[in-house]
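Each of the two complexes below includes chain A, the first together with chain B, the second together with chain C.
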Partner chain A sequence: MKNKIWLQAGLVLLPIIISLVVTALLIIAVGSNPIEVFEKSWEGAFRNSTSFAGVVNFWIPLALCSLGLVVTFSAGMWNIGVEGQMLIGAIFASWGAQFVILPSPLLIGLEILLAALGGMAWAALVGVLRLRLGVHEIFGGVALNAIANVLTIYLISGPWQPPEGGSAQSTAPFPTDALLPGISNEFSVSALAIGLVILGFIALTIALRGSRWGLQLKATGKNAVSALLLGIPTQRSALSAFLVCGAFAGIAGAYRVLFTYGSLRPLSSGGIGFLALLVVLLVGTRTLSALLTALIFSIILGGSTRLKIALQLDPSLAGILQGLIVLTVLLTNGLRARLLGNSAPTPTVDSPPFPTPEGAPHG
Partner chain B sequence: MKIELQHIHKSFGQVHANNDITLTFESGQIVGVLGENGAGKSTLMKILSGYQRADRGTILLDGAPAQYHTPLAAIQSGIGMLQQDPLDVPALTVIENFIYGQPGGALLSIKQAEQQLSVICQRLGFSLQPNAPVFSLSISQRQQLEIARLIALGVRALILDEPTTGISAEQKTLLFNALRTLAKRDSVTILLVSHKLEDVLALCDEVVVLRAGTLVGNARLPVPQTELVRMMFGQVFAPQERPDVPLGNVVAALNNVTLRGKRVTVSDLNLDIRAGEVIGIAGLDGSGQELVLRAFTGLVKPRRGQVLINGENVTGKSYVELIEHGIAFGAAGRLEEGLIAGLTLTEHMALVKNKTPFIRWDIITTLTQNLLKEYDVRGGPQDFIERLSGGNQQRVLIALMPEGCTLMALEQPTRGLDVDSARKIWGQIMSRRDRGTAILFTSPELDELLTYSDRVFVAYAGHLYDAGDAKTLTIDVLGRLIGGDFNRPEAVAH
Partner chain C sequence: MDESLVNILSSIIANATPLVIAGIGETITERAGVVNLSLDGSLALSAMAGFVAALVSGSIVVGIIIGMTVGAVIALIIAVANIELRQDQVAVGFVLTLLAADLAQFLGQDYTRIPGPKLLNLPLPILSDIPIIGTIFFNHEPLVYFSYALIFGTWYWLFHTRGGLAHRAIGERPSAAFARGTDVNRLRYLYCVIGGALVGLAGAAYSLAVKPGWATPPVMRGDGWIALAIVIFGGWHPFRVVLGAYLFAGLRALASAIQRSPDIQIPLVLLNGLPWVLMIVTLLLVSSGAIERLLSVLPRPVQRWSRNFLRSDPPSALGTRFDP
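Let's look at the complex of A and B:
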């Protein structure tokens, strides 16, 4: 029994140690000192309140997307279209920011609502393609990501180009009233957005654990055929997961344009959606772990920005470290399943079948 | 090749699928392996062909102990299996399929392979075009290709799993002739897994019979068909005394229904079920019986005709809608279609019984405890469903069916269960019937059909024959009907 506890602990630490060691070896290979790199990275994230604000500002949209993906993941699906849903959210929020005149608090509320609706609409497309037309959500999602991207560029270089002329760099800066306020100049972070993350976290945790909706999602994700035979409308259940995820992603996109940039830019989503997929790959359906893992990823990325300045190292080192963590965690999960004989919490990548009521199980 | 099996044991959870099986298959013999579903014959064949590993026991090939744990290693040891659905690659051509698995790696000579294929085809009377894509072949041509491929790989024992399902009489003759050639001229040992007695009688030199995991018979043919039926199904149980429930009105009906399945089309089907009536449908796998059950439950939509529940036309409605009309469905694959591995018993109960947006776990847990007691399920509310034995899973499945439903459609409700578990399940099904629920079930076990049904139907090649009142039906007659022998006055085509 005692051995088992040590084994458990070892399996948690192992991936972190392996990732750090491999990263250290890489750093040595390019001729730098790994200790120094890790020190500078720490500095990069925690040097002062400004650097930490950078971490939090990255964490907010990443946490929102990760929470959303936990929902689609519960239903057994990979919503790779989350990146596009962020972009559409950003576009909808940008429309509000540019063309609606309202007192600031109302305007911000409207922008966030629009962003959520936009993300939901884009996610609904993925869902309908999957559930009605049989287009796998990964293909549908990738295609819709590309379309959302093209749409952003079209808007920036066309109808929404700044008065001084379109350079396809960004729209004109949004009026201050339309932007989320920061807490202070030294700690420039949106309290409202943090509130939304916490609210979303609480609501989702309760809904996934204690609601009929959450249980139906879980059942659909684990075995859609059985779920259907138990009387669950599995298609509706799966579609609702896409809608909720889209709303979260849309708000994350809004945060990028209403706070991080202050205008709409190409690739406003910044790959955060893809990173969130990695987070969910690690945490499965656990909401609290999703928030914490997103924070760790943000710290690693925030820290790496310092490397270029201090050591002339490319910050993509952070990406390597992240990738290594994901890989080694997945590997040790497989190892754990073998050693401890229980199945790993990280789910498999293949999606369950979505039976139409007719075509369902055939003899 | 001479194959000796010594004391083979294999268990799945609580099911002893192979219990101390000792057998010898002589070189050049064609042996029929008989047994009803769940008798353990496919487990034994999977062990022999490397798809599964025995828990205990020894396999001797030509006297030498053999160790192999994959199908590929089995083929290298000389044993190949022809699966019921041939494991070929439809996108490739015949010759490409023929080559794969052959040694030689990147330096394959298509020309040599074509020559080899044509020699084998000529000997066995097969006709295969090397460049035809596999998806254009018929089932029997795909079988021929697979047999040719295995022979080319040097297989000296060939296992065939229900090879005559879905092929014509002509093709069957061709196949059987090829198998005879292989056995008699090349001393290949042929094992034919089948529950079609006529096939076994026509082809085999001897039979072995399995029942409930043990070897119960081993005889040289010819043997009278009735003798084989007795070996397969054991003692015929006298129908149990059970109170006759007065039948109510017709509660469910199919009117002139045509159903299309993957392998079989059922046409012009008429069937009425009354409240409190138990109807059993017999038939070999894939004869269309599962389509009938699924038509009543909205899982298969009729191409033509009407489905009526309580007099209301529900044709084309979905399964979820039909649940509201009082139907309940239990599929044969419990953990694949019906229960959800990874959810607890309480979560299953909550999925079915909880109607409020937020789940009252305390109420549901109490409800679960009560139902587990009522249905005699050995397991706690927080146990994951997959940890339960098959019998307990089946009882949970029945407990989840709404009380007072109109029709319960059950696919092989006692599949894989021991006698005691099966009896308990039937106790629960019958108590539902006593309260007026109509029961429609399929079963591969003839005594189960005769014991519990009021009326029995036989599905054969897409037709449903009325075999009449279960009280006057004998196991011999039913066995013959299942095999397609309808030349009896009491069997009237519907």
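Let's look at the complex of A and C:
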């Protein structure tokens, strides 16, 4: 029994140790010093309040997307289209920021509402393609991500190009009234957005645990065929998951343009949606873990922003460390089940056979 | 035939070759019941590794071997995770997509936009002298000829050999194959690694032939997803997969021709969205039953023939684990 406890502890630490060692070896392979990289990354995240504000500014959209994806994962759906839903949210918010004239608080409220609706619309497309028309959500999502990106570039280089001419880099900066206010210059973080994350967290936690909607969602995700036989409207249930996730992703996209950048840029989602999928692969359907894991990933991301300036290293190192952690956690989950002989549920999606013909089992 | 048209067709064949090789590789993997979702990242990492290896060693053959090894290792990780460690193929594949793409960007950061070795055209004797057809099909670099052999070889293997029967069986009814004495999981390892090596070869075909060199963001970004969609469009049949790849490359050539023409006023950037709209539409056609309904209006003999050609059923056990 004692051995088992040590084994358990070892299996928790193993993925982190392996990921750090492999990352260090990769840093040595490109001719840098891992200790130095670690120091600069620490500085990048915790040097002063400005750098920590950078971490929080990654965390807010990442946490929003992760919360949204917890919902689609509960329903057993792979919403890989979350990147595109962020982008459409960003576009909708940018429209409000550029063309609507209202007092600042009302305008910001409208922008966020528009972004949520935009994200929902884009997510509904993925959902309808999957649930009604049998196009697997991974492919529908990937294609709609790319289309949303093309739309962004079209707007920036065409109708919404800045008056001094289109460089295809961004729109003109939005008026200050349209932007989310920061707490202070030293700690430039939007209190409103943090409030939205916490509100979303509380609402989702309650809804997933205690509401009829949440239970139907989980039943659909665990076994759609049985759920349908039990009289649960599985199609509607799964579609509602896409809509909720789209709303969260849309608001995350709005945050990127209304706070992080202050204008619309190509790929303003910055890969945060994909990162959120990694978060949810780790935490499954647990909302609090999603927030905390998103924070750890944001620290890695915030730290990496200094690598380019300080060490001329590509910041994709952050993605490597994050990817390695998730991969090794998945692999050690399997190892644990083998070694300890328990079939503890792995926090992966219980996805239906892939890809599903004719929209079954929801058809 | 117009000479410029012949040249366009010839370049379509050349540009489609990585998609053909990756599509056939994925077909081989999925026919065995395993989904290798990592294609978009695998292509990038094997392209980068192949290019750098060829540059450093001075040998294209070394580059190709390294590219294939990278693709095979990624596929092997998916197989081990699924078969030994009971993890979801799609989840592991997705993580590897992102991880491989980031690895390619990080490890290749000092090798972007520098000239390096590339495969040269090798006109096939006699065949390349056939008018029109010779220029279109037989005046290319060697990987294009390899892709022809691969297409017919895979088709023959899958549908006309005993080994191919077992290959399809482990993707359709693994338990039945197991009952007949087939070592399902050993074969799954084998076809997963072969398919992955072909994906790696496709990556090397980008960086050593079609779009020589390495860049950030990589030139083939998105093509991995397109290759995965082409396998579905192709109904897991080598000939249709190849048809899909050529059609796709053809439409891309058409789009870039439209971009060059002064008469057509479509905002250029919007055309970049065309492949993705196309991807949704084709998947919609094969999976929504729209084709079935369309076919039911046709006369009966045509119906049977075209249904056989157009049906698109995935291997029944695709994406699922097999425990003996």
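Couple of notes before you dig in:
Methods note: the second predicted complex is superposed on the first by the 340 of 363 C-alpha atoms of A that agree within 3 Å, B and C clash if a C-alpha of one lies under 4 Å from a C-alpha of the other, contacts with A are read in each partner's own complex, and residues count from 1 in each chain.
What we mean here is this: a residue touches a chain if its C-beta (ideal position, glycine included) is under 8 Å from a C-beta of that chain, and two chains touch if they have at least 3 such contacts.
Model, not experiment: these values are computed from the prediction.
Looking at the superposition, the partner that touches the larger set of chain A residues, chain B or chain C, turns out to be C.
With both structures placed on the common chain, the touch criterion links A:L281 to chain C but leaves chain B unconnected. When the two complexes are overlaid on their common chain A, residue A:G231 makes contact with chain B while staying clear of chain C. In the superposition on chain A, A:L324 makes contact with chain C only, while chain B stays out of contact range.
Applying the stated contact rule after C-alpha superposition, one finds that A:I18 touches neither chain B nor chain C. Applying the stated contact rule after C-alpha superposition, one finds that A:I80 touches chain C and leaves chain B untouched.
In the superposition on chain A, A:K222 contacts chain B only, with no contact to chain C. Of the two partner chains placed by the overlay, only chain B lies in contact with A:G210; chain C stays clear of it. After overlaying the two complexes on the shared chain, residue contacts for A:L133 are found with chain C alone; chain B is out of touch. Looking at chain A, you'll find residues 357-358 touch chain B in one structure and chain C in the other. Of all residues in chain A, those touching chain B in their complex are 210-213, 215-216, 218-219, 222-223, 225-233, 357-358, 360-363. Those residues of chain B that touch chain A in the shared complex are 261-262, 286, 290-291, 294, 298-301, 318-320, 323, 329, 331-333, 335-343, 347-348, 350-352, 354-359, 361, 400, 411. On the chain C side of its complex with chain A, the touching residues are 35, 37, 77, 81, 84-92, 94-96, 98-99, 101-103, 105-107, 109-110, 216, 222, 225, 228-229, 232, 267, 269-270, 272-273, 275-277, 279-280, 283-284, 287-289, 312-314, 316-320. Interface residues of chain A facing chain C in the complex, by the touch rule stated above, are 26, 29-30, 78, 80, 129, 133-136, 138-140, 142-144, 146-147, 150-151, 153-154, 157-158, 274, 277-278, 281, 313-314, 316-317, 319-320, 323-324, 326-327, 330-331, 333-335, 337-338, 346, 348-349, 351, 353-355, 357-359.
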